[in-house]
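One chain, chain A, links the two complexes that follow: it is found with chain B in the first and with chain C in the second.
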Partner chain A sequence: MRARRLQSLAALALAGWLVLPLLPLAIWSVAHGWRFPDLLPQAWTTKAWSYALSDTAGVLNSFGLTTLIATATTLLAALVGVPAGRAIGLHSFPGKRLVLILLLAPAILPGLATVFGLHGLFLRLGLTGTLAGVILAHLVPVLPYMTLVMAAVFSRFDPAIEHQARSLGATPVQTFRFVTLPAILPGLLTASLFAFLVSWSQYLLTLAIGGGRVQTLPLLLYSFVAAGRNDVTAAIALLYLLPGLVILAITARQITGRSAALTEGLRP
Partner chain B sequence: MTDRTRLALMLAPALLVLGGLFLTGLGLTLLRSFRYFPALGLTKPDLAAYAAILTAPGFLRSLGLSLWIATASTLIAAALALAAALLLRQAFPGRAVISFLIHLNLTIPHIVGAIGILYLFSQSGAFARLAHAAGLIIGPQDFPALTHDPFAIGIILLYVWKELPFITLVLLANLQSLGEDHEATARTLGATRWQAFRHVLLPLLMPGLLSASALVFAFAFGAYEVPLVLGAHAPKALPVLAWQAYTNPDLATRPEAMAMAIVIAGIGLALLALYARAFRIDHAR
Partner chain C sequence: MTRLALQRLTKTYPGAGQAAVHGLDLEVESGSLTALLGPSGCGKTTTMKLIAGLIAPDAGEITLDGHPITGLPPERRGVAMVFQNPLLFPHLSIAGNVGFGLRMRGLPTAQIDSQVQAMLSRVRLDGLADRRPAQLSGGQQQRAALARALVLHPAVLLLDEPLSNLDPGLRDEMRQLIRALQQETGITTLVVTHDQAEAVALADRIALMFAGRLAQHAAPQDFYRRPATKAVSRFFGGVNFLPGRSAAGLHHSAIGPLTLPPDAPEGEQILTIRPEALRLGPGPNSRPARVTALAFLGTQTRISLSVAGVALEALTSPDQAQGLDEGAEVTVSVPPEAIWLLPPDA
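Moving on, here comes the complex of A and B:
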C-alpha cells in the first residue's frame, strides 16, 4: 500500500514538473499588467494574441516562412535520405561503419562546431541571407535524422515482395509505386513529420546563415524576449508549439512508425 | 547495373550533401582556426588563435561553465529518467496522461522551454511571487538568482526538464524490447528486487542510457539559444562566447571564434566515439 502511494506521488510530481514551465506562458499570453508581486494578473485580455496575429507583428509571416523552410528541408531530405536509408537498412557493404559515423556526426556534434565554416562557404557561394541557404543549412541536422529513421524502417522491410512483383511483370516504377511505397509509407510519413520538427526548432543555423534577413519564428520570438514583452512573447511561444501538437495528434495511432522515428533517430 | 553501383548510387546523394556541407563546414572551421585564410593574405598556418584563447581568462571560464552545465544536466536528467522509466513500466491510473506529456515535451523547441523556465524562476517570476505571498521575501532582489546566475541553475533546470523525457523514452523503448523475463528469472533464482535491478536490469539498460546521455551531454554543452535566454552576462556559456567572438566587428577575433568551435567539435567527437561504442556501431543492423 505504501509503495502504491509513493508511486502515485512520484507520478504526480513528474506530471507537474512536465507541465510547469508551460503554465506561465499560458497565463502571460492573456495577462493584462501582471506585475510583481501579483500571483495572478489583475485583469485578463486578448490584446497580446490580437497583436501577435496582426499584420504589424510579423508573426504570421514568420510562421509561414518557417513552415516553408521546414517543408522544403523535409522534402529534400526525404528525396536524398530514402535511398540512402534503404542502402543502409537492407545491405551490408564495405565502409558502412564510416557511413554510419558520417551520419551520426552531424547529429551529435553541436551546430556551433560547423556553423562558422558553413557560413564562410555560403558567403563565397552567395547563399548567406537567402532562403535557399537556410534550407541547405538545415539539411545538416535533418538529413542524418531522416536517413537513420528510414534505415530502421527498411531494416523491417522484406525486399522479396519486390522480386515477386517484378517476376509477375511489374515495371520498376510500378513496383515502387504499388509495392515498396505502401510498405514504407507509415514510417516515411512519421520520419517526415519529425524531420519537419527538427528544422522547425533550428535557431543558430538560421541566425548564422540567414544573417537576420531570414526571420524564422524562433528568431522573432527571441527579439520579443529581449524586448521584455512577456505577453506577446508568451503568445508567440504558444503559436510556435502548434505544429508539434498537430504532429503528435497525427502520429498518435502510428505506433510502429513513431517508435522508429523516436528511438532510431531521437534527438534531445 | 551491378549491386555495387546501385548501392553507391543510392548512397551518393546523401554522402555528397553531408560531405559538402558538414565536412566542408568542419574543415573550413579547422583551417581558419589555424589562421589559414588566403583571401585575407594569411597563408602560414599557426596556433596563435589557440594561444590567444588559452591565455585569455574568458575562454577557460566559459569552457568550465559549459562543462559544468552539460555534466550536471546529464547526470540529473539521466538519474531522474531512470526512475521515470521504471515508474512508467508499471500500469497505474494516469499513466496515459504522463506518456502524453512526455511525448509533448519532446516536440517543444528548447527556446520555448527556456522562456517558460525564465518566467518561473526569475527574480520576478512565479516562484518569487509565491515566496513573496508566503512572506519569505520583500522584493524581487531578495529572491535567489536562479536565472542569469553564475552557476547556470536556470540552464540546468531547462535541460533537466527537456532531456528527462528524451532519456525516459529511450529507456522505455529498451525495456520494451527486453521484456521482463531476465529480472523475473533473477528473482526466482533468489535475487532481491534491488539485486535484480542492480545486477540484471541496469547492465541491460546501460548501453541505451549511455548513448542517450552522450547525446544530451553534447547538446547541453553546445546549444546556443538556451544560454542566450537564461545565461548570465559573465561568465558566458562557451557557445555564446564563440558566437560573440565570431560576430565581433573586429575581424581579428574570428580565428579565435573558430578555435573555440574546434574545441566544441573536439568534445563532440569524443562523445561520438562514446556513443558509437555504446551503440556498438560495427554490429549495428
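Moving on, here comes the complex of A and C:
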C-alpha cells in the first residue's frame, strides 16, 4: 500500500516536473500585463493568439513550412535508412564497424562544429538559402537515428520469409509491400516519428543553411523572443510543442512497452 | 504433371573451396515423389534453392518438361517451396497465409476463399482459419505451410526437411498426409531429407547425394539390394564388406571362396551382404564364426561375428539369438542370392 502511494507520488512529481514549466507559457499566452510579483495577470486576453494565428505574423506559414521540411526529411531518411539499416542489420561486411562509427558521428559531435563546414560546402553547391539545402542539412542529424533504428529492426528479421513469399509467386515489389513492410512497420513508424521531431527541432542548421530565408517555426520563435514579445512567444511555443505531444501520445505505448494512459482512449 | 530435369548443375558459394553442387544430373519423373537424400552439407538444400530460383547456379540448366527455367525469377517458375521452418507470415491469419499466393496472382476474393477453405479442410485445419500463426502448434503450422504451397497447384513442389521440426508422434501423421496429398494431386514433388528411413518410408524414388554429386538415383529397395558404391551401402546401414576378386562364379576374400549368384560379373570387387541377410546356421557358403558382441535392439538383435579374423555383423530376431553368448562358436552362412558386388574402393 505504502509503496503504491510512494509510486504515485513519484509519478505526480515527474508529471509536475514536465508540465509545470509549460504553465507560465499557457498563462503568458492569454495574459494582458503580467508584472512581478503578481501571481496572476491583471487581465486576460486572446490578443496574442489572434495575432499568432493571423496572416501577418507568419506563424501559420512557418508551421506549414516546418511540417513540410520535417516530412520531406523523414521520407528521404526512410528512403536511405531502410535499405542501409537492412544492410547493417542483416549482413556483415568489411568495414561495418567504421560505417557504424561514421553513422553515429553526427549524433555525437556538436552541431556547431559541423555546421560551418557544411555551410561552406553548401555555399559552393548553391544550396544555401534554399528549401532543398535545409532538407539536405537536416538529413545529417536525422539519418543516423533512422538507420540505426532500422538496423536494430532488421537484425530481428528473418529474410527467409521473403524467399518464402517469392516462392509462393510474389514479385519483389509485392514481397516488400505484403511481407517485409508489415514486419518492419512498427519500427519504421517509431523511427519516422523521431526523425520528424529531430528535424522539427533544428535551429542551428536551418539558420546557417537557410540564411534566414527559410523561416521555420523555431527561427520565428527566436525572433519573437528577441523582440521581447512574451505573449506571442508563449503562443508560438505552445504551437511548437504540438507535434511532440501528439507523437509522444502515439508512441508512449511502444516506449513503455504496455498500454499507456495517453493512448488508452485512442484504441478501439 | 511435370518432369523436372537438372543438367550439369554447378554451384560454388563465394569463399568456399569446394563446389556445393558439382555437375549434378538428375531427372525427376513426372508425378513422382522423389526424396533428395544425403548427409548434411552434401548440397541437397543448395540443389533445392537452385530449383526454386532463390540462388543462381554457376553453370548448368534446370528444365520443366524440357523448358529451361534457369533464368526465371522464383515467382515465375511454377515451383513452390516449403521451408524447414513453416515461415508463416505472422501478420496474416491462417486463411490469409494459405491464400497468399492466390492473392498475389490477383484472383477474386470469393474464389480465393473457397479454394482456401477446401485446402484447409484437406489438411484438417478447418476451424483455425482465423487464428494467427503463433496460436497454432508446430504440427499445425507445418500443415498450414504445406497447404499454402499446395493451393497454388505448382508444377513442382519442393519440401525441405518437412518432418525434422516435428515430434516423433506427429512425423508419421505428417508423412502420411504428404504422401496422400501427393498421390491425390499428382504434383511432382521433391523432398529434401537427411534421414534414410524417412526417405524410404515417404518416396517412390530416392536421389542420394554425396559431396555435391549424385551417388545413386533409384527405387528405395535398390539402395538395400543393389547399392552403387560402398559409401551408398554404408549410408543405408551396410556393414559387411569383403574386398577381393571374383572369377568363375567364386569370390575370393579373406574368409575364403564364396559361391556367387549366377551371372555375377568378374574382377576386382567388394562383396557385400546385408546384416539381416546373413544367416546363422548351416547352409551354402557356411563358415565357422565366433560371437564377439551382442546388442539387443528391441525388435532385432545385432550379433557381431568374427569369421577367420574378419568382423561381420548379422541382424536376427531376438528369438533366434536366444541362448547365444559372447564367445560362442557358431556357423554362419552367406546365401548366394543375397550377395551383391560393389566396385573396389577408388
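The working rule: the second predicted complex is superposed on the first by the 236 of 268 C-alpha atoms of A that agree within 3 Å, B and C clash if a C-alpha of one lies under 4 Å from a C-alpha of the other, contacts with A are read in each partner's own complex, and residues count from 1 in each chain.
By definition in this document, a residue touches a chain if its C-beta (ideal position, glycine included) is under 8 Å from a C-beta of that chain, and two chains touch if they have at least 3 such contacts.
None of the values given here were measured: they were computed from a predicted structure.
Per the definitions stated earlier, placing chain B and chain C onto a shared chain A by superposition produces no clash, and the two fit side by side. When the two complexes are overlaid on their common chain A, residue A:A160 makes contact with chain C while staying clear of chain B.
Contact with chain B, but none with chain C, is seen for A:L112 once the two complexes are overlaid on the shared chain.
Touch criterion not met for A:A43: it reaches neither chain B nor chain C.
With both structures placed on the common chain, the touch criterion links A:L60 to neither chain B nor chain C. In the superposition on chain A, A:L248 makes contact with chain B only, while chain C stays out of contact range.
One of chain B and chain C touches more residues of chain A, and that partner is B.
Judged by the touch definition given at the top, the superposed model places A:L68 against neither chain B nor chain C. In the superposition on chain A, contact is made by A:F178 with chain C only, not with chain B.
After overlaying the two complexes on the shared chain, residue contacts for A:L9 are found with neither chain B nor chain C. The superposed arrangement places chain B and chain C with a least CA-CA distance of 9 Å. Across the complex, chain C is touched by residues 158, 160-161, 163-172, 174, 178-179, 182-183 of chain A. For chain A in complex with chain B, the touching residues are 7-8, 10-11, 14-15, 17-25, 28, 36-39, 79-81, 83-84, 86-89, 91, 93, 97, 99-118, 120-121, 136-137, 139-140, 143-144, 147, 151, 155, 197, 200-201, 203-204, 218, 221-222, 225, 230, 233-234, 237, 240-241, 243-245, 247-248, 259, 262-263, 266-268. Touching chain A in their complex are the following residues of chain C: 52-54, 73-75, 79-81, 83, 85, 87, 89-91, 100-101, 103-105, 148-149, 152, 158. Interface of chain B with chain A (complex): residues 3-4, 7, 9-11, 13-15, 17-19, 21-30, 32, 83-84, 87, 90, 92, 94-95, 97-98, 100-113, 115-120, 124-126, 128-130, 132-133, 139-140, 158, 161-163, 165-166, 169-170, 173, 212, 214-216, 218-225, 228-229, 239, 242-243, 246, 254, 257-258, 261-262, 264-265, 268-269, 271-272, 275-276, 281-282, 284-285.
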